[in-house]
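What follows is a pair of complexes built around subunit A, which joins subunit B in one and subunit C in the other.
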Partner chain A sequence: MPLYFYIDRAGVLHRLHPTVKVLALFVMFWSVYWVDHPLALLPLAIVIMLAARSAGAWPNFYRLRWLFVMVIFFTALAWMVFYRRGPALLDLGIIHLSRASLLFGFGRGLKLAELLATSVVFLSTTKIEEFTVGLLSIGVPYRAGFAITLAFRLAPLFMDSAVTVYQAQALRGYDFNRGGPLARVKRYVPVIIPVFMGSLRKANAMAMALEARGFGRLSQPTSFIEYPIAARDVIATIILIMIAAAYFMIYYSGYGAISLK
Partner chain B sequence: MIAKPQIAKSSAGAAPAITVENLSFTYHGSDEPALRGISFIQSAGEMIGIVGASGVGKSTLAKCLNRIIPEFEGGRFAGRVIIGNRSFEDLAVHDVAGAVGMVFQDFEAQLFSTNVAHEVAFAMEQAGMSRAEMVRRIGPALQAVGLAGFEHRDPTTLSGGEKQRLAIAAVLALEPGVIVMDEPTTDLDPEGRAEVFALIQHLRAQGLTLVVIEHETGELRGCDRILLMREGAIAADAPPGELFTRIDLLEESGVRPPDLNRVLAGLGISQPADDVDQAEVLIRCTFPNLPHPLASAIDAPSDSMKLSAETPLVELNDLTFSYAADRRALDAVSLKVMPGEFVAVIGQNGSGKTTLAKHIIGLLTPERGRVMLDGRDRSQLRPAESAHLVGYVFQNPDHQIFAATVEDEVKFGPRNFGLPADEIEHRCAEVLRAVNLEHERAADPFLLGKGQRQRLAVASVLALRPRLLILDEPTTGLDYREQRRMMTLVSDLNRAGIAIVMITHTPSLVAEYARRVILMRSGRIIFDGPVGGFFAQHELLRTSSFRAPEVIELAARLGTIAATPEKLANWIRDHR
Partner chain C sequence: MTELRLMWRNTRMIVLCAISAALYAAVLVPFKVVPLIPGVTELRPANAIPIVCSFLFGPAAAWGAAIGNMIGDFFGGVGPGDIFGFLGNLFYGYVPYKVWQVIAAGESPVSRSPLTIAKYVFACLMASMLCADVVGWGDNLLALRPFSMLGNIIVFNNMLAAVVLAPFILLAVYPRVRKGRMTYEDVMPEIRRPARITALCGLAMMVAGIVGAWVIGNLISTGYWMPAFMPAGAIQPPYDRAMALLVSPFIILAAAGLALM
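On to the complex of A and B.
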């Protein structure tokens, strides 16, 4: 199974300037933030799906399909416990099922799913180096930008290591599913400790290798990859600004909220 | 007491590339110095090999050459390191990158980019070079390491050997005067090792100044000088032809002498041999009456697999498995492992060795075919039953160690299976004795050496008393002494009746310890038979990039099959 999300293609989204990609990420998060109603979130979902199709990112969505299902389902369920507004359609004590709690819960689930989906499209179309350039262009210092993007590269390696450690402990008869929810979390200590120690070693080895290759010598290193601004970047930026403005207007006009009536 | 060697310059007249003067270093939190008064001079264009047991200060010395010590890893530092005619005392590690390039063992930790060309450019970006200059340098750097045409490849898709060559290219692009390589091939398969050592020889021929730390002495015969390190000091500084004949000194220092020299020394021949041809000539000159080989005698396997009526411990029938739709990781694999066998499973990375093992232990479920353990279907066994039949020791012991003490780590498995406390105590004492860690019961496992952690991992699996032990690369990263200790343990377990399946890349381990070898390629078994017969299949070895140990090649030239230098020397004495 591939460890990384990046899909090597020459699609339009892949060729966008890194700054525009980071802007797109920001705009999608911005737009999702302002509205709660699932119907208001639906256009964004369509935009993300069109982007995913254009980027050829479906394999990554397929890998995460159960995560998407769980995020939407459990978020909706959780808000039926905590969001107790509106006349009840069904009251099961802890679960308050009303039109408002359904819409709000589903809306929150959809929001999280859209944030996740935006990140998947971003990582499917953006190389680590481009991510760094994108962060630098919005004023993030080089060292911090590099560290953030390196974390994205390392996360799958640590996940891979966690799977191996999990298998090693399971082979020694360890049952991760014994006890209640809190006890189950505690039972992951035999996985967390080796992964943590391994991560420290790996991070130390990487830091040494980085220093040995001259990392940190200049606050603004030169760049091998050049990113000229193209017409598609201008068009994409205009579209993104329009989306951001439209969603703020939806919020401002009150259409994105959920009515309690 | 270690004698202080003379400071030597092998290339008389050549300008010094590295001058190390009275270098000492003690890590923070340690009372024992890691380096004690190291001094040597390396001429420009010279290649120095550094050998020694684990923990004698080889890597510490290497890190002092590019300021990782004391800049990155702090401690008490004394002495001077001069590169060319410049001392870097006041500079940071990144300031030295252009003068001293460093290649590390862990090739995964040295690659940061998503594109080969950009990986090579990374260090040049850090140095502030123009894009035109980067473009000018990338081509020759990739050409030098044999990766021309790979510019647009994602480094994660390269093989281990290619990744390490890419790391070297990234260093070469800065055109440093000195390149230091710290065990650059330890994590590689035989093909990758061969690629990297061929590259090192190529770089040497180009006149680069090289420092190479390596456990395999046979690979360092092309060096100008070898530094033998013991207890943080240089115990010997001599050309390889001279040092590698001092068998006792090397063995006392925890360094494996080249096998050919061990054979010659065992026969009282004091001259060294650089290759099998030379060794054969020396032996035949010394023992002119030695018989010449008959083809049939060479090709006949010395041992044969016993046919047994016992129930196989493992039986795989027509096993097929794929990680991706377009490529089979296992393709109709069938085999049996009988009780008490010692099987080596070999093959290049990605050939299916670990996938095969994961099916036996139940971490993977086959798409087609069946896994039988002791005559029962694997899928029908309860965890406790299968743990009693098969134990698996992962390549990296740190993938399982988590407890606060050695004792708790060993007791972890038996406790999970709910064994009574006295039984757990009994097993713990038994296995710690077996792996020679009984005096470390209360020790923190994370403070043990790699060899001890590897033996602890074995102990913690042995505590479940499996009838078959699968070991995935049990000697990776261990020095000669630790390797011997580890393999003696494995042999003892096998003699005690535990069947062993050992996944390995090391030809000498296969030759010395295994009785049967399974060679895998592209998910299929392409050889399954006795070890002696395997090493007689020269064409198969060549096409598998698996080089027979030199001692086996020499034995074949002389008309016999012998897995160890001692056995071959004995045979020669008996037939002279």
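On to the complex of A and C.
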């Protein structure tokens, strides 16, 4: 199973400054937050789809297609249980189906799907080091940024080690599929332990190697990779600010709300 | 909570933090395909890792849990609710060793006496409930998902991993890590503990906050409790205002208690 969504292309979205990409993520979260009505969320969905097309992110969307369907369906269903407002069209005891609960539930499902879609576009166009640069630019300390990058790098290595241990144990005749669900989960303990201990063996050497290279001597260390700000970054920032302002105006004017009448 | 800040000055703790995060993510990601409530949460045997790491690496495990969960979220899509996921997992990795320091200072968590097992379960339950409180409260505050939906499934999921898986891993790795002088007490001997009476007061505050937030969050989000002293507009679905007014003080109480420990 691939761990990352990144698609290597030279599109406009790929070439945006990491800080602008992090800003885009924030603007999408902000815009989605202010409105409840599914119709008010629709323009944003179109913007995200256009961005996905431009980034060539459709393979990732296809990979997660069932997740999108489940997010919308189960969120809508959950709010039909908990959002008991408006005259009931159908009252099944636990499920209160009204125009308001339908709109609210579907709106929430759409909101979560749009957030998911935004993150898929973001991850399809952003490398780990760019994400770290984006985090540092919004004030995350360098050492924390380094820990995040290192963790991102180590996770696939540990997954590979786990697969190797799994295969070695299976070759020796260890049956991972014996017993009920809990027993099966427990049978993975002999896989986790060697991976755990193997990773700890590296920790000391890694810390010494870092210190030998002067890690932590400077609070703002220099970097090999530099990200200059280009005209496209300025244009993208202006567009993002306009989207954020427009969605706040939709909320302020009351168009994004759900009427209970 | 000063050690959460101080650990960033120690290179070995930063490496242990990255390793905890990577291990957590490496087990988390493959199980993303086994949903418990589709679109909401999945089976998370990986939740055993922060518990194990907490007893071994203390504050590094807390940050590791938060970062590891963030990496996992990147695989299934990020959203504003993930800020609370980050915070909830930070507590999930932080609470076990803090509670252990107060109720079982100097004892080994792998001892098989009934009292040690009871203390271990208590530490894990507090960590699981605080994580559930923060994530459930945060998502309901943003009106994305009801508290009772997330608040209960997270406790179940975390406790399942903490009770069924974590003890076996701990049993295998704790003596080795202790012998290799890699525990947080060995790596950061400068960590100071508060006076016993202060720590006990902190524990009492934390337990009251955690249990209070969980009970009130459930009662409000299911509509079972409509406090008469609240304005009518604040106790209507999706109950985001009621969450902000009634559950937030308990979350703050729990965090304040934790800070005293």
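Rule of thumb we're sticking to: the second predicted complex is superposed on the first by the 188 of 261 C-alpha atoms of A that agree within 3 Å, B and C clash if a C-alpha of one lies under 4 Å from a C-alpha of the other, contacts with A are read in each partner's own complex, and residues count from 1 in each chain.
Just so we're on the same page, a residue touches a chain if its C-beta (ideal position, glycine included) is under 8 Å from a C-beta of that chain, and two chains touch if they have at least 3 such contacts.
Bear in mind that the values here come from a model prediction, so they are computed numbers and not experimental data.
Novice: Of subunit B and subunit C, which one contacts the greater number of residues in subunit A?
Specialist: After superposing on chain A, more of subunit A is contacted by C.
Novice: Identify the partner contact of A:150: answer first if only subunit B is touched, second if only subunit C is, both if each is, neither if none is.
Specialist: It touches subunit B and subunit C both.
Novice: Check the residue A:108 against both partner chains and state whether it touches subunit B (first), subunit C (second), both, or neither.
Specialist: The second partner, subunit C, only.
Novice: Mind working out whether A:259 is in touch with subunit B, subunit C, both or neither, as first, second, both or neither?
Specialist: So A:259 meets neither subunit B nor subunit C here.
Novice: Where does A:73 make contact in the superposed view: on subunit B (first), on subunit C (second), on both, or on neither?
Specialist: A:73: touches subunit C, not subunit B.
Novice: For A:193 in the superposed arrangement: first (subunit B), second (subunit C), both or neither?
Specialist: A:193: touches subunit B and subunit C.
Novice: Overlap the subunit B and subunit C contact sets on subunit A and report the shared residues.
Specialist: 1, 3, 150, 153, 157, 189, 193, 197, 202, 206-207, 210-211, 215-216.
Novice: Subunit B touches which residues of subunit A in the complex?
Specialist: Against subunit B, subunit A makes touches at 1, 3-4, 6, 8, 127-129, 150, 153, 157, 161, 164-165, 167-169, 171-175, 189-191, 193-194, 197-198, 201-202, 205-218, 221-226.
Novice: Which residues, counting only subunit A, touch subunit C once they are in their complex?
Specialist: 1, 3, 5, 25, 29, 33, 64, 67, 70-75, 78-79, 81-85, 104, 108, 111-112, 115-117, 119-120, 122-123, 141, 143-144, 146-148, 150-159, 162, 182, 185-186, 188-189, 192-193, 195-197, 199-200, 202-204, 206-207, 210-211, 215-216
Novice: List the residues on subunit B that touch subunit A in their complex, please.
Specialist: Result: residues 63, 66, 68, 71-72, 92-95, 97-98, 101-102, 104, 106, 108-110, 112-115, 117-118, 121-131, 134, 154, 156, 170-171, 174, 323-324, 361, 363, 383-384, 387, 391-392, 394, 396, 398-402, 412-413, 416-417, 446, 460-461, 464 of subunit B touch subunit A.
Novice: In the complex formed with subunit A, which residues of subunit C make contact?
Specialist: By the definition above, subunit C touches subunit A via 8-9, 11-12, 14-19, 21-23, 25-27, 29-30, 33, 35, 37-40, 45, 48-49, 52, 63-64, 67-68, 70-71, 74-80, 142-146, 148-149, 160, 164-165, 168-169, 172-173, 176-177, 180, 182, 221-223, 236-239.
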